[in-house]
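Please find one structure pasted underneath; my questions will follow.
To keep things simple, chains are lettered A, B, C, D, E and F as they appear, and every chain counts its residues starting from 1.
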């Protein structure tokens, strides 16, 4: 029998058995998006998938295939759609995917689901898709599906951030392709990180509004790195990952009574 | 510099450079679907991805992230949606994903795209999404995008099929979780194949119509394997893969003048 | 009282009585599409309608108004959208029509429905519409609607095809505006067939993929006739029609216990 | 060569030639809807189609296949959706059909189109579909498409109505399955009219509002005939048809400079 | 405690109490649309809101926030979309708003709802949205929601119109920015009416059809006033308002058994 | 001539003149949502409208009618949809409204637009609608439309917040129906504020994730007030409003070169 936390590496009989036994399913929500000159386009796929696989081991869960295309990138959070390699979906499309996957998981008997988001702009449409999916399930007579939805980065402890940022944590808003994501990539996929290409044209100096079309002088670093990635290490990535895995597992156990 | 045919393992500058140089992009279209008791749910992801990576090496192309959720499975081609682990999207959702990805690839400067389908029921909505995407690109003033769309299994040579099926090729229609797919999985992901679980409750004896809801006596093997998987080997998988890679590469070179 | 198998030639009281008595409803799915220089644009409307009217007489059924606009035509199956007179709908539009008609037939008390498709490209979206319609009916508390869906051409007997093609049946794939359709039109609407215009620029020599935009040298005959129409006769049409009517009626009686 | 005003009875070369010569296309918009115990469900298909065929002869036009399923019926104009045999589409679906057909006619070179509506509730969504279709055509670079949209019954002369209703014309609002429609059906399809079943439970006494769900005492005659059909004759139908054909043809000639 | 008929001026506890006590909710449907040189763009917001507030007082109801953007304006009823300041929604968008608001009101416990329309072109899509909303409520297990839908102008008494138009009422069709609307605005918002700017380029002389794109010589007054506004007074507005309030209140009491 | 910053209080000629002169249009994005026992449901309408009217005076702009129905409320930001009186739209509906309004403003000649958001959950769908609208405008040949999008609360100065929260600003996340919103309402609509009803069951103690369905023990105060409203005064509201008006006006002048 195949031993895997990846739902799609099981056969249908194994999947059915695991679901019948109450295994929670984790669905990582990613994107294909620029992450500066030193990181690949798959950061937002790699990180939530890595978190989910570790959490699944902790809680006896299964990881569904990651959504590799996310909702459109905005300059103030991800650099924006004009960066080559940022390949996004409309919010409506993204929400429909979530709706369909939830409807089908529910129909298959899954009653515990966790959406683990790894791309800021997925937040809104993942809520929308979740609401649409739950609405359909209720109309199909399924009332006992429970779903959690979270951004994995919200599970870092304050103390960890203080350790990582001895001069003070600048806030999650500019943490795109910066120290947190770079450290986590060094831990998970060091073969895809090129620390020598870490830029120093940041941090971003955005005004408190969006502008369409994007002005030349909007405060966006040309590299696409919104803050600072210097000093990233795999060890820092492990510190963060520990927080994520421990605390997300805890939350899942609490909410799903495991 | 990262050496990969996977688009999402490049950084945005590398991606931009490759696109500017005219690299074709291959987009594998998969699904998460039952494939009998001996194969995992990810067969339709693994096979077109495997084909694309080999073709990309041949033609200097890049492989975009595979769509892991496909269009709804039908009993006569994939066993149907009632099998646990078959997690599908509505056709409209699937078409919108294709539309959005094409629009964004076009906007990013990609002018040569190949949709490589690995799941029968994706055929209709991938055509729809392609038509919608091209329509949008034209309206955005992009007229020179060229797109090919194919089912990889159509590229096996008659002679190869005759070799693999000395008693006569039963036709592609029932080739779900059967000899071709099992052999290809033995080649690509032997760790996920359990040959000892190959069932013998086939082949399917479908009538020439669909019925909703699915009748008990529809002729569908309980295992979900539509034909016969016995005799599958990695070598057979390699024979097939050779055909696919050689002939798809040839078609791409011809159409894209490479 | 009006004596007709056409649902729309009854008044509402007659319709209600027939439905209450369990009459199955047949819905022909057609298209307005080029069929070469010797056939009119309405071939895909005329043929499934003709089949349905004959089957309805056999099984005591009613024929709903034919959908005269089908899903977009592809070069490899119908010549493609660039042919003048090919007037198609988006797949989403087509699926919504099917969904709405099924929802309303179900609401009206119809419990036995047969979708009889006469245009290849309608296959995918008719499945989609059927799934959407059945989903809505279940949510409206209607669980006992039964629907069959078929392509009429799948009901020709092997023996009949052998008789019609003494040199071997080339396969249904290229049978667009060719011997089968032309013979059936000669039987049903000889006034609309001009045998002297039958072209000889075929058969099509397509590669095993789609290409957008369509290349000049794609192997598509300029006439729009994919194979060969020479030798078509009304008698051959009757042979085929006999098969269709007999075997579709049989299938309906079996599935609907008539 | 086939001599027909029906677009779909031509082959694609004839269609192309007619379009190139500037022939206007008429698209009848119908519905499948109850029309009392004396008329069939296809009144709203038969009448606008009959008008279009006669107008097409006058102006050298072509009649596209009639839309046989219309937008949902309301009690105050058509009796409502609860009548058996009233099979309607959602307004959005109906509008998308119009949009798609216009887009494709425009793409095919048609520059003069007339939507001839025969079902009151199609009015709103036919305007919507027309606006959506024209919007798409402009974005596809087609700016010279001209479209007229009309309800055929608006073309009766005051004098004709005075002749038909010597006691005063009660207004078009209740003219559902009543004298005008019955007389026109007697002219066009007398085989489908059963004058002996003309009811006398009207006229309707609606309040000036809609109510959902429909109350028992809403003033709707049980027969579904909103006013009075007694006294209908084929001659009256011809008087009306003369008006429609003459005056619609005149309008078309004026607007399209024919 | 806040004393207001405006639903949105209550707090959630007051709203909950009023709904629990059976208060009907009135939803005014407006638009932002040209109304000649003498009236502001908000006529279609001001009038149905004014009607609703007065009716709500009569029947103990609550007025929900007015929809300020309506469905697209047509030349024959509102002058058309080409007038500056006419800011409309697609019919589909408008219907979705109605659907969502109804679904949420129903979910909140509201069981008596009145849609009070003040913009002609909202008629079709408000019916569509109402049907979609009721459909969803039924699927959510809510079967006892009752909804009325009306155009306020249909509640003027014949006698009142005869008083206002001593030379005969020209019909509601051209009553855009004309005597009725101007008189009502003089009553409700005299500060926004400039009687000295009342134009005299009317009345409109439309043909009985729509034409896209709009021809120069379509009979549309340049001012956007379809008939005549001269002679409008606040007193006439009050006469009309009395009719609307009295008779709409009566209808509501009857239908909702108040 | 009417003197108003409200676009809808002008007539179409005045609107046209203002637009031709380059006046920016401000569109307030609100919602109808619970705001505790001391505030009305219209807080998210009143505040951005109040901000816009003041900014419009500063920059010579026009205020378009506020969107009174917003995107669905979430427990962690607005209490959630289960609160009576929270009447929301689906994200897709909300985005379509924005798209349509932008398309029409663009078509009318407006080239400077500011979306001023007053409801947290509108953020995602307002971006989506803006992107869709701009996409349509480009396809309609309009490339010079400039749009800003902002949340008004992001324009408070740090110093102001320090003054208002001498014990430290707890962060904007819980500022729902709390000190900032209550103070602003005391300034703008004191008649709708009932300070004696300010609750003390907060602040919220949410976990860092969403849960569907909402658990009983989620940390949400029963009052719907997420933080603390005690100490709110109109003076504090004015301090905030000054910041908003001054700094938003500044940003508009900079971006639109006024």
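Simple rule for what comes next: a residue touches a chain if its C-beta (ideal position, glycine included) is under 8 Å from a C-beta of that chain, and two chains touch if they have at least 3 such contacts.
Chains and their UniProt names: A, B, C, D, E, F = Creatininase.
Model, not experiment: these values are computed from the prediction.
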{"item": "Partner chains that chain C (Creatininase) and chain D (Creatininase) have in common", "value": "B, E"}
{"item": "Shortest walk length in steps over touching chains, chain B (Creatininase) through to chain F (Creatininase)", "value": "1"}
{"item": "Chain of greatest Cα-centre distance to chain C (Creatininase)", "value": "F"}
{"item": "For chain B (Creatininase) paired with chain C (Creatininase), centre-to-centre distance based on mean C-alpha positions, whole Å", "value": "28"}
{"item": "Gap in Å, rounded to a whole number, between the CA centres of chain F (Creatininase) and chain C (Creatininase)", "value": "54"}
{"item": "Distance between the centres, which are taken as Cα means, of chain F (Creatininase) and chain D (Creatininase), whole angstrom", "value": "47"}
{"item": "Residues of chain F (Creatininase) touching at least two other chains", "value": "90, 92, 139"}
{"item": "Pairs of chains found to touch, sorted by chain label", "value": "A-B, A-C, A-E, A-F, B-C, B-D, B-F, C-D, C-E, D-E, D-F, E-F"}
{"item": "Contact set on chain E (Creatininase) toward chain D (Creatininase) in their complex", "value": "72, 74, 90-92, 95, 121, 123-125, 127-128, 130-132, 134, 146-151, 154-155, 207-213, 215, 251, 255"}
{"item": "Chain A (Creatininase) to chain B (Creatininase) touching residues, read off their complex", "value": "1-2, 6-13, 15-16, 19, 32, 34-42, 45, 64-66, 68-69, 81, 83-90, 92-93, 96-97, 99-101, 104-105, 107-109, 191-192, 194, 197, 224"}
{"item": "In the complex, chain B (Creatininase) residues that touch chain D (Creatininase)", "value": "138-139"}
{"item": "Chain A (Creatininase)-facing residues of chain E (Creatininase), complex", "value": "139-140"}
